[in-house]
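Chain IDs A, B, C and D follow the sequence of writing; residue 1 opens each chain.
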C-alpha cells in the first residue's frame, strides 16, 4: 500500500512519519506541506536513522492522487474539509486527523468551529474512527474521521458503563489534563516555555470544541440524550492526557458489574489495559505508546463511580489511532507498527 | 513577641523562617530539629541574606519554653500531638501545622491517621485556623490548628455557596492537583525526579486523609451532613494546588446569586481574589504568595456550578496562613510579612 | 524620587515593577508601553497585592519627562538608543537595561547588533553599571548602561583573578547555561514549551553578542588584550545563569592567592557570596534574589582554575542590578528593595 | 542466542529489557534481582505490550548459567566484579555495564571506587566496549566492559582529533551536562523532584570517577600522556548528556582537517552523525535513540576547537551500546533492535 501525509510538518504529521517509516506493510509515497520550500525529513525529525532519505514537498494534488492509496490528512480544522472532499472524489481511502468530518450534524460546525460545513452529504458518510467501538465499520470505510484526543480518552472510559446502562447518562463530569503538544505547533504566548513552566490551569471551561464530539459518541452508544460537563487543563509536560470522569451509578449497580463491563468490552483489545482494583493510570505508562489505560473505583457511600483514563495525545489520541485505523481498514495486523 | 519553630528543617519550617526573618513585629527565639547536630539557617536556606546568623538546634523543651511566646509546630502528624500538649500546658500560644488538632472527633484519628488521639479534651479546645472563616475565634485562641493544604483550597471555594444554601451539600466533587512540595521532604520513589518528571496521575483516590477535614469544615458551615468525592493528583511541579469543584445548584439559583455570595464573603479579604467572569486561576499567579484566587462559572444547561481555586500549598496552604493566623492572634496587621 | 519604566511589559520591566512597588524610597510615576492600549499592572503581574492600582500606558515623552527623576529604559536593543538620548538631553538620570550604551567602541555595534550607533558621543559618557566594580562612577552617573546577564555572571567570577594577574588573560573559556526568560517575551519556536521541555543545547557558539561586552570589561580590569571563548546554552528552566570559567594560572600562583583575591574583592559586598572550598553554586540558591554566588577550585596537576558563578538573570543579571544601581546613584541603602 | 540480565530492575536493566523483548535474534532466558520477591516485567515497565509475560526473579547463579549464552551485568560498581568473574569462569559471554572492568590499571580502583580490585588478571582481558573504536576486538571478546555514559560522549568527540594529532592532548576541558537518570534509582535528596526541579549545578568538580576512564581511552588512542579537566553538571531533565569539549589546535591545523578527521572516522558509522557546519547537537535529537550527534567549530582567533556531542545516557551511554556490542559480538546486524 502507498500512503501519503498531507500537512506533514505538524506534531501529528511527524508522529505519523515516525511510525510509517518502520511499518512493514506500507510505502510512503508523498509527504506534503503548504510551505513553498521542501524540507528533509531528517531535518524535521532528527531522531530518525541516518539513512532515511525522504523529503516533505509543497502540496501538489495530482502528485498525491497519482501515487497514493491511503491519504492521512493532518491539516488544521476547516482547512482539511476541502482537501478530504477532493481525494474522496478521486476514490482514495482517507484518514482525516482534523475535526472536519467528526460531527454528524453539520449545524454544529458554525457553533463550535466558526465555519459552515461545505459538504454535509460527505459528513454523513464519514466513519468515526474510535477503533475499539467502530472496528467493523472502519473495515469498509473510505473516509475515516479520526477522533480528537480528549474524546478518545473520555469515550473509552465511559462507553462500557453507558452501553450497559450502569450510570446516569445525564450526570457526567469529565475533568481532563493534557500535555502541551495537543495545542499544536502554532506560536502562542500561552505555550511559551516561560509562561507554562511550573504553571497549571483550566482553560475553555465548559466551552471546549471537543464537547459535542464526546456527547455525540456517548449518545450513539447509550441511545439517550447525554448531558456532560467538560473541563480541560493544560499540564506543563509535553505529552499525555489524563481524564477523570465522575459518574452516578444507577440504583442497585454493584462494583462487580462495573468491573465486568470493562472486562467484557476490553479484555481482547490489544491497546486497552484495565487496571486491577486500587491501581490507577499514570501518564508515564502510556507516553509514546498507543495504549489507553483505565482505572476505576465505585464508592457506595456517595453512589459515585470514578473512572480514570490515560493516553498519549499524539498516539492513541491522534496518529497512533490513525495507524490502528489504517491497519484495520487494510487488513493488516492491528498492532503492526504500534508495538 | 518571641516565636519559635519546632521542626524547622522541613518545607513548611523553611517557609516560616523565610517570612519570620523579615517580619517587623517578631523575634525568632528558637528554631529546633530532632536531629542531634545543629544546622546554620544560611546552609539550609541559601537564598537568605549574607548577614542572617541563625542556627537550628537540637530540640530542648525548656529552652523553647523559657524564650518563646508563640510556638509554631511543624512536626509530622501524630508526633506533633505530644509536643503541642506540653507547650499548651506551659501556657504558650501554639500554631500547629500538623493535622493533629484539626479534626474535632477523636474517633477519626485511628481511621485516617492510624493513631489514637492521646488528648481528646485538648482537641475540643483547638480552633481550626482557616483565617477568613474563623477570624474572631482565632483572635482569642491559644491553640490554632492550621488547616491542611487541600482543605484550604477546597473550603475557600465551597463555603460561600454552602453557607448561602446555593448548592446541594450532598453532591460535591473536588478534583485537586498539587505540586510535589506538599509531600514533604521524606525520600520516596514517587517523588524522585526521574519518576515524576513529565508524569501526572491521581493518587489516594477517594482515600486521602484530608477528606474528613474538608467534610468537617463544610458541615460546620452548612449545618448539614455533607457528602463529597475527593480526588487528589500529583503535578510535576514544585508548588501550588489547583482545585476544581463540581457542584449542583439548588432550584432557582442564578449565576448572579453565586457571584454575590463570593463577593459578599470575600470582597474585603486581603488574601482572596475572586476573578471576573470568564477568567480562571493559574498556579503562577499565586505561587510564592498567600493569595487564594477563585474563579467560577454556572451552567444553566446542566445545573452545575464549577468553582476553581488556586493557592500556594506552602503559603496559604501552610506557613503563609500560619503567619496570617499569628498576625490575627497578636493584633498585628493581617498582611504583615506576607505582602 | 519619582521613577518611570519605559517598556514595562517585558520580563525585565515586570521584575522592576515588582521591586519598585515595595521600595520605600521611590514613587512610580509612569509605566509605559509601545502598545496603544493601557494595561492594568494587576493584570500583567497577577501575583501583586489586591490594592495595587497602577496602569501601564502608551508612551508619551512629555508625560514621562514632566513627572520623573529617574528613568529605567527596558526597550529592545537598537530601539532604546534614541529614547535614552532624548531623556538625557532633558536632564534625567537614566538606567538603560538594553545593550545600546554598554560598548565603548561605536564600531562594535554594526558588527554585533547590525546597527550603526547614532550617538557615539553619548556612548562615551555612559557608565557601565556593574555595581561592584564601578560603584564610585555610578554614584555620579547620569547614564548607567546596565550590564547584560551573561557578562554580569562571567565578569564577577573573572575580575578578581585578572585584576591581580593570577591567570592568563588570553586563555579564557566561559561555558554558560541560561534559563529561558533571558530570551525575552518574543514568540519563537525555540522557546515554545514543546520544543524546549526536556531539551538542552548550546547556541550562538562563539558568536553571542555578549562576547564583546565581556571582553571590554575584562580588558578594562586587566589592562591587557583579552582573548576568550564563550559558549552559551539554553536550559529548560525559567530563571538563572550558571557560568563555568576555565582559566590557566600564571606560574607560581597558589590556591591561597586565588582564595584571597576573591575574599579581598567581595568580602564586604552585600550581594556576592564566595563559597567555601569544595562547595559550588546552585541556581536554586540565587533564583529570585540579587545574589551572585561564586565557587572555585584550583587544580595543580593541570594548572587550571575553575570558577563557577550563579545569578538570577532577571535580578542580578538585569532588573535587580538596575535597582542596586539606582540605590547607589541616589544614596539609598544599597540593599533597599532587594533583600 | 539466550541472554540474561543480572540486576534487571535498575534504569539500565529496564532499558535493556525494552530492547531485548523486540530483538529478533535473541531470547530472554533469565532476568534477576537481588530482592527476594519476583516482580512481573509488566509491573516494572508498564509501557510494554499487554502480552509480555516475563518475571524478574531472585538471582540464582546456576539457573542463569544453565540457560544463558550472553549475560548482561547491571549491578552496582564493586558488586559486579565477583558476578562477572563467576560467569567468566563458567565460559559465558559477559557484557558488564558496571565500571568494574573498564580501567586497565587495578591500582586506580582503590583511588576512584574506594575498593581494591579482586581480579586484576581478568581486568587485563576485558575489552573496553566503545564499539566504534574497538569493534574488531569486541567481535572476539568474552568480557566486554561497557563504557560509562560520560566517557562515551566525551571520547567519541575527542578521538578523531587526538588520533590525528590535530589538538594538544595535554590541554583538554570537558564540560558535561547530564539528565538525572544517569544517577540511577537509589533514593537521594539531590535527586528528589523538589530539589532538582528548576535547578542546575556542577558536581564532583574535577573529581568524578569517570575521569580516569576518559583519560585511559584517550591515552590509548593518542599514544601520549593526556591531561584533562572534567566538570559534570546535573540537568533537571530525565535523559541525555551534552558534552562540550574545549581544545587547542596544534600549529597549522585547519578547520578542513578537523572536518575531515570526523568524516573519515565516522562516515560509515550507523550511530554517529556529524553535524554540518554551524549546526550543533540537541538532546531532543538523541533521546531514546542510540545515536551520538557531533558538532564542532574551529576558531582561528583563539586557536581553539569546540566539539559538542550529545547522547542518550541510557542508550548509547549504557544499554543501547551494550546491545550494539552484543550485535557485534554475535555477528548480528549492528543496528538490530536499535533502530
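Criterion: a contact is a pair of C-beta atoms (placed from the backbone, for glycine too) under 8 Å apart; a residue touches a chain by one contact, two chains touch by 3 or more.
Not measured: the values here are computed from a predicted model.
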According to the touch definition, list the chains common to the neighbour sets of chain B and chain D. A, C
Taking all residue numbers at the chain A to chain D contact, is the shared part over half or under half, that is, same or different? same
In whole angstrom, how far does the Cα centroid of chain A sit from the Cα centroid of chain D? 38
Could you state the distance in Å from the CA-based centre of chain A to that of chain B? 39
Where chain A touches two or more other chains at once, by residue number: 195, 197-198, 236-238, 282, 284, 287
Spell out the residues on chain C that touch chain D in their complex, using ranges where they run on. 173, 175, 177, 195, 198-203, 205-206, 227-229, 231, 233, 235-240, 242, 244, 246, 280-284, 287, 295, 297, 299, 301-302, 304, 306, 308, 310
Flag every residue of chain B that touches chain D in the complex, lowest number first. 11, 180-181, 183, 185, 187-189, 191-198, 236-238
Could you please specify the touching residues of chain A with respect to chain D in the complex? 46-47, 49-50, 197-198, 270, 273, 282, 284-289, 291, 293, 335, 339
